[in-house]
């Protein structure tokens, strides 16, 4: 547990970082929702603020006056416990509250939290503040990838920033790391922050396996495309094959073929494919089909965690073969915070790692990200195992 | 045909009026598209501009430089003749071009048109300019009703303006006008502007009928609601009854029941229902069911046109019983302008009249508006006949 | 009005004819519903029987015992007045009652009706019996076209009968009939049977027009196909063009291209296209696009009726340009029978004529058939006008 | 590996059993497909036959003449390797081939297989015959549950048989079995038949756990219903909660509330709920919500397999918490048979056990059944763990 001053500093820095991420945007970019999975940036700014207001200020702060009672309806995401809300697919239909009003809301709540924690002993709700900060950090990752989708989906392909190092190259030599058969400890063990889904450190028996020290690169995936990988049903899951055909998938998200050359949309605009950059923006189905094509497979999340000390990671979220399930002895938190993770533990795949969209200090070897297998707008890549 | 100066003045005034309609908006309001029928205001501003650029400046102006070649893709509505376009349901997914850029586009094109018509003899394309102006006027009506939907669909129910006289009362005494059996001339006959669908003045035989001198009011429709009109299948068309049930329709669009009182959203915000205001924002299905309930019927468009000299109109678009079909000897224009009206002549109903959203001088006794029977976001009302 | 004996004979003959139509079927053919518009043959056999039981026997016959109280739920079509029913799209999901049981139901009801009308004076319900007979005749037409769809949709393309003269040739010389401008009487006027939608004989003013003495043939439509008619958006209504593209329409229903030759499925199995047979199984959209391509148009239902004495008809149902709307002074019948026609008077097009599926004496010059514009499984063709 | 004679006897008995299962059906019952997951009985009879013809007779039998070349198109299920096929949702639209023809097809193929294996040494394809037999046994289970759905979905609720012991009571005393922490061997190890997904016997580390010796009963689930379990979002996965609301789920499949009493449809017709019968026809979502409500959980498939020697099973398929994933070193078979299991290893849950629909000798402790979490038409139940 952090001391008050440090935690308040951490809070302030986090709040500021969300706003910095939006700095390159036009007002209009804050509003739209091109697909249901992508939320408008102003919604992220408002929702992370509402979280502090709803779970800390309203129940715990003395004499706190709610900023606007309608905002709970607008900025609640899915917490059934705290009442009705705008359905997710309608977020992009709301022009109001305006961006300016959302920033006012942020300042109002940020100020109230600082005042509350600086003027009074609040040790019993430190963990609530901490989870609120981590909640906002999670949304920062979505914020950047949602912004990328909003801009990359626009026929004008606008530039977000040409300063971001979005595609760190993967230039070290490829090698197989060998991990021996045996019992491994999995799950979070230190005193530092983690989510409930990482807890319950427990033993897992792993058969001997090998795992690559390197992420799959664009150049390797181009070979898959050129060899007809998207047309060979035998490489795909049945539902992956339906997905390819129904959506006419022929390449990763953001890839564009112009004449015979491949380009991709990056936050710096349209660029030629970089062969040595790690492949990204693929679905689990594509990751699996690629591995099949290589005669290899994806690691499980346990294999990944047991081996993670031996390779560098953090450039991409890496699809694993594991389904997102509770660890033994998983305990859901009480009340609204209990809705955080447990209710999503079906029909999703685990990703491990982190990406350039992941805020500093927001990932760790035990962190479990999860998405439905068809989703591609995160920085999703893959590492092979055998 | 107007003389150049008058026509250019008319052009300037029309361009200005579109922008005045948007004056009360926040930037965010220009962007969203809550349902597929409602286009973002910035799209209307861009599309009406593109029409002048595509059909006048590009083919006819000397040395004209296109503002931005991607705009044709963004702002084309449905003209298959002039290439690919953003699909209609995606208009609200585009944050760019920004509102500021769209206004620059407007100024650029407005200036080029004025220069073109003021410096050269352009008599051969006067009619193109005239149709472009009327096209923009048509969009002004959509612009205001789309703005109303964008704001009225927002849970914050923001105010657009409290100066607009949106609900002129219908306070004269109700009476039946009797029209004699006989042959009537229908269609446009004067030299002034009209659309191709009004042309081909022709004879229609009408049986004797009576038509009300008054629009149906909110008070009358409340009686229908209170008597269970929305629950009586026998009053409805089969497809109207499906529509009521699938969409859980219980009142006109924008009506809200709070405790036991009825309110409606108006451009001035939420207000109590005004009993003497003409009913509006109903579908054809509702108009028909109401007439059935009264033991009466809607007039045909011919009955309306033959009688229109005897009652005041223009407060609402009025649903008629007529399907939208070509008049005898209807001729579609050549080229892209031929896509204007003819291709919609199936599965729609004719409305006659005009509304407070209709720009000045933009309606006339022969004007034929048309919508699918389930649509309600226009100022649609009804007048009874028997 | 027919005398009792004649009417009972007419009833017996009609009941028998329905069963004869099913004689070539396998038991399995009675059960399936490949698309929602096509009902299983056993449903038609049961529904027409239920009509007599529900509207005549149950309310009017002395001591009548219902055959099976669940059948009302199974065989009601859409009469909201008489209670709940199996939804239309579920008809093909019901294996029971078995075909054998449905035939028992038919015999039971047929016998009860005969007994009722032969043993007692029933003059006050003659008209109910008459409408029941005509109702069954209407279903006979659907029965045959539904059977054709069930078999023609099967990859094995089974033969129904090789004795039916399904494609009478249209071999007379093509000519234009000229009809003079003036007022014409439209609607049913004699004392013989007709539906409520034909009543209210009234005057219609027609401009001078010409109408073909001949139906459009397969050979003419092949020219349209070969000239790229299905790829030219300018020939189609906007919603017709969407229909073509969403459904990948490239030819009339039942047409198959094998190598470079065209075949069609007929009730006698797969056959080469007959050039001189009248075109059939087209949607209204296709009829309209074909007329556009010829620079001509479809007649209205009034033009058709005014001219019908001058050409032979009855080989095909002919699409008209008219929407299905009530005639002036149209009166809906009271009670459940009032649901017969009026509630469908929106979003449909009128067809005139008749077809080889139409039972003898079941069509007449004033008969108004109606379907949604995209439907093709009836014997729908077209006649041109100008 | 079985000796030829035994294997042929096994083949004959299996073929005969499929036909015995259909003995109580009317011809019409063989044809319908009320939901996409349920196939028509005649399709099962044809498809299992096609499997022998396609994979054994056509490639391996001397001088074999195909029964009907169109049947491959009709009866292929999903094997992309062997060509085009009727899409799954269209199976119920095919009235032909008739039931009689399908039985002829069965006899033809059964006879050809017997002759082939009795007259020649075929040891190299024994395993193909064995997998074909097990394939048919798998379909026997579907056949019975599909028949139940076809009849149970019919408003007449017909009886299939009153001789089947469909709901064996679970009358022993409830108790918790304690399993110690440690490494367990999981997967198939004997020489007898199993599917590829059971192979690769491997070690799994299990934390200490307790597992019930008893299936959850109807009486226990009634308590869940009565306590409002279907209305408490906090008990459900997010997607389970959506499923409950979108489908208005209020009870297990086949349960009917009449006045205040609960009944269920069984193969013997509508019956009162038996309190001591094991609960069945529930989705994974319902199994999970019930366990949440009890403060307990479902076992994983590994926990189930490690403990299965200590409790009786086979009355129901039991949902587990495990996702359906490949075991370590899972190897997909080559060719079309490789499509058997591997391509379904995403988005499904594992079930263990067996049910009254499972053919004799067709389940074993290592057998892994799998279904999507929302499916309920199998005999799916649950056993609790903690």
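Every chain is named by a letter (A, B, C and D) in the order it is written, and numbering of its residues begins at 1.
Operating definition for what follows: contacts are C-beta pairs under 8 Å (C-beta built on N, C-alpha and C of every residue); 3 or more make two chains touch, one makes a residue touch a chain.
Keep in mind that this is a model prediction, so the values were computed, not measured.
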Chain labels contacting chain B and also chain C: none
Chains in simultaneous contact with chain A and chain B: none
Whole-Å gap separating chain B and chain D, where each centre is the average of the chain's CA atoms: 57
Inter-centroid spacing, chain D versus chain C (mean Cα positions, whole Å): 44
Inter-centroid spacing, chain D versus chain A (mean Cα positions, whole Å): 37
Residue ranges of chain B touching chain C (in the complex, touch as defined): 78, 80-81, 183, 202-205, 207, 209, 233-234, 236-241, 284-285, 288, 297, 321-323, 325-326, 328-329, 338-339, 343-347, 349, 373
Chain D residues touching chain C - in the complex, by the definition given at the top: 26-34, 42, 70, 73-74, 86, 90, 92-99, 150-151, 153-156, 158
